[in-house]
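Pasting the structures in now, so scroll down.
In what follows, subunit A forms one complex with subunit B and a second complex with subunit C.
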Partner chain A sequence: MRQLNLGDIEFLLLAARWTILLSLYAAIGGGIVGLAIALMRTSTKATLRWIAIVYIRIFQGTPLLLQLFLVFFGGDMIGVPLGPWVSAVLGFSLNAGAFLGEIWRGAIQAVPRGQIEAAKALGLHFVPRMLRVVLPQALRVAIPPTVGFVVNLIKSTSLAAIIGFVEVTRAGQMLNNATFRPFVIFGVVSAIYFVLCYPLTVASRRLERRLALATKR
Partner chain B sequence: MKRLFQILAAAVLLAGLSVLRPAEAQTIDEILSRGTINIGVLVDLPPYGILNAQQEPDGYDIEVAKLLGGYLGVKVNLVPLTSPNRIPFLLTNKVDLIVATFGITPERAKQVMFSIPYSAIENVVFAGKDKKIAGIQDLKGLRVGVPRGTVQDVILSKTLGSAVKLARFDDDPSTYQALLTGQVDAIAETGLTGDKFYDSHPEGGIERKFTLLQQPNGITMRKDQFNLHQWVNTFVYFTKNNGELNALYEKWFQKPLPNLPVF
Partner chain C sequence: MEYVFHFGDIWEARDELLDGTLLTLRLSAVSMVLSLIVAVIGAFARTSGPAWLRGIVAAYVELIRNTPFLVQLFMIFFGLPTLGVRLDANTGALIAMVLNGSAYTIEIVRAGIESIGHGQTEAALALGLSRLRIFRLIILPQALRVVVPPLGSQFILLMLNSSICSVISADELTAATQDIQARTFRPFEAFIVAAGIYLCLSLAFSGLFAAIERFAFGAPAEGRR
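On to the complex of A and B.
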């Protein structure tokens, strides 16, 4: 057992880099996958809808920890070693994609049917119809649950410890095992997560208010 | 959409073809010619592996790993692992061997290959001074804390079955803490660390009760690394005889290396 020192706190703060980077990549990757899944899920073609449904069921129905484990170690088993970064980004993106896809599907379907019919009547094809009519209206509905999910995603990056990442939570565990000062260490760890998550919630509320203003009559 | 799928499929195929498997260091010669050895260690089991005041891996296991690299004449690349992921890392060639306080058991030897023992861990039952506990049978009916999946977890559940209420914790600090705060009646834990922890918290009135077992640990390799295994055994044998292992053990445990049976 040794004393806790200032370098340890610095070590925790530096470990937050990995938490931030992992969250960022996961959110971007998950956003791309999620958009594709949401569009497939609301498609008029039954095949696409079913592919999206099966995808969502698989990734929502199995633990994220196992998905990360399978991507990281499974790659080696079949002779395609992916390395920790690719595995983590892939694992988190595939998982986040399933949840974001489902959230955004709800948002798209919340846009009144008449809007889509009107767009069709005006002769708008799929892409302009989505970009100009449906998605801007869906966005407003989607913001609160999306931000809620991303905040959760930030906290679940701690699962990357299983594939060797020393992010904030794992760094805290390692220090606690050396110093036995759980209250100080996990207090700092919690504060770091709070600093990362709170601004998102605030920004989400601001954005919501601005978008609500735009459609106010 | 169809086009997108074709592009995706092509990308996956390309990735599969372009990333060839790295050379698997199965033999001494391969490690020597590569010039580095990847050694998996624990950094959350004091004093075997910890983060020191400079937040670098340190401890008995880490010094043994560095000594091993020194004798091999290659650069040591330490890979910090956790108890749940140390076997997957080894089996998927992400590390060449692990020096991670891994107890030698026939069950584990079905998956991996152990060197002759290079250290031992003493498992001790701790409890409050007011409790009369002299042997394993006295734990009946008590709430006993153990770190999940450890040797002591297995021993207690096998010997006592449902007669003991086991509380399984995620790591060692939580286990020590649980006894101090009275959430459990006793714990089975690493002797030396427990002594230090409870000495620094005399208000808890906690003492050693009895030694559950003395578990010899081996350096761990994949089952097909016979060539490396032979060298590692030679290394352990040599450093045990010339006193180097003992010196490291004295440094971290303040007592001589216990008598370690070989196989």
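On to the complex of A and C.
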């Protein structure tokens, strides 16, 4: 067993870059999947709605850890080994897509029906109707819970450690195996997550309050 | 893709899966009950305690909610033994789950308490009731019926999160699945079956909670503000 030194703390801070990068990629991937799910979920076609409902139920009703395992081993199974990084990005994106889809569905449905009817009456087709009329209004409602969800996403990237991707939690685990100073090491790891998450938590809460005031008027 | 699924090995291990499922349920249920107890006390302290206590509870909630469960689990499981507390994986998992769950439950119960009009507290104070009795007799019974739906979802989240405890090899469903896949070299089949079990459990519980809500409180939660 060896002593813990300053270089080790630096090691943790450097590993935090991977946590940030993974969160960023997963947020982008999840955003794309989520938009598709939200549009399908609010579609007028029953089949699309059902596909989206089943997707959401499955991803919200099973543990994220198992979803990661299934992506990780599923790649091996079809003969395309994905490795920890791709599996993690893919797994988190698919999962985030279900949650963001559900959040954004609510935001889309919060746009008054009259707006959609008016847009249809003006002859706007699906794409311009969504881009110009519905989504800009839905965005206002969607932002606070989306920011709140990103906090969850950042925290859940710690699970990538379990499939062997070296982000900050895995780095902490490795250091702990070598030095066995769990409180210091996981204290620093927690502090890193807290610094990443807390500002977003506060921002989400503020935005929510502002939105509540705006809609009350 | 010429992969052939083999569920035979998984079927042979069905007893292990059943035991794992039962432990997952027990772990989730016990930690839910304990978190709820901590949460009622915590929410009381957070809403009607002295300022310093309110600060402590608020800090606890923020700290837990802004750090990952996995890190909290490591802190407990690797940290407590260095302080001379000996604990097995299942106990470590339970402690971490209660610690984590109660932070979320405190917020749910607090929101329930704050949804009760302040006029009721004022009226009770005017009648000369103590803070504790007001909380116990007036606020809590009303708050609890508001918090049943979010507590139901919280239970399901807790159950799904308990799969993370497999990392410290608490022998719940995910850990049992890990054992099976390591033995049979059938990871995909094993994890698909486990995911199916979790899905059935969460669908069954969300149905159950919806039914409880309907029978116990009549109208669904919306529209009762």
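To be clear about the criterion, the second predicted complex is superposed on the first by the 197 of 217 C-alpha atoms of A that agree within 3 Å, B and C clash if a C-alpha of one lies under 4 Å from a C-alpha of the other, contacts with A are read in each partner's own complex, and residues count from 1 in each chain.
What we mean here is this: contacts are C-beta pairs under 8 Å (C-beta built on N, C-alpha and C of every residue); 3 or more make two chains touch, one makes a residue touch a chain.
Note that the structure is a prediction, hence the values are computed from the model and not measured.
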(message) Under the superposition described at the top, does placing subunit B and subunit C together on subunit A give a clash or a fit?
(response) clash
(request) Classify the contacts of A:Ala178 with the two partner chains as first (subunit B alone), second (subunit C alone), both, or neither. (result) first
(request) See if subunit A has more residues touched by subunit B or by subunit C, and give me that chain. (result) C
(request) Considering only touches as defined above, state whether A:Ile58 meets subunit B (first), subunit C (second), both or neither. (result) second
(message) Is A:Pro81 touching anything from subunit B or subunit C once the two structures are fitted on A? First, second, both or neither.
(response) first
(request) Have a look at where A:Leu159 lands relative to subunit B and subunit C in the superposition and call it first, second, both or neither. (result) second
(message) One more residue to check, A:Val189. First (subunit B), second (subunit C), both or neither?
(response) second
(request) For A:Gln109, select first, second, both or neither according to whether it touches subunit B, subunit C, the two together, or no partner. (result) neither
(message) I'd like to know which partner A:Phe69 touches here: subunit B for first, subunit C for second, both or neither.
(response) both
(message) Is A:Gln137 touching anything from subunit B or subunit C once the two structures are fitted on A? First, second, both or neither.
(response) neither
(request) Can you tell which stretch of subunit C bumps into subunit B once we superpose, 4-12, 40-48 or 76-84? (result) 76-84
(message) From the superposed pair, tell me which subunit A residues show up as contacts to subunit B and also as contacts to subunit C.
(response) 69, 73, 76-77, 79, 161-162, 173, 176, 180, 182
(request) In the complex, go through subunit A and note every residue touching subunit C. (result) 57-58, 60-67, 69-70, 73-74, 76-79, 151, 155-156, 158-159, 161-162, 169, 172-173, 176, 180, 182-183, 186-187, 189-190, 193-194, 197-198, 201
(message) Give the list of subunit C residues in touch with subunit A in this complex.
(response) 1, 3, 62-63, 65-72, 74-75, 78-79, 82, 156, 160-161, 163-164, 166-167, 174, 177, 187-188, 191-192, 194-195, 198-199, 202-203
(message) Which residues of subunit A touch subunit B once you look at their complex with the stated criterion?
(response) 1-3, 5, 7-8, 11, 36, 40, 48, 69, 73, 76-77, 79-82, 161-164, 166, 173-178, 180, 182
(request) Using the touch rule from the top, collect the residues of subunit B that touch subunit A in their complex. (result) 1, 4, 15-16, 19, 21-22, 43-46, 50-55, 79-82, 84-85, 88-89, 92-94, 171-174, 176-177, 193, 196-197, 200
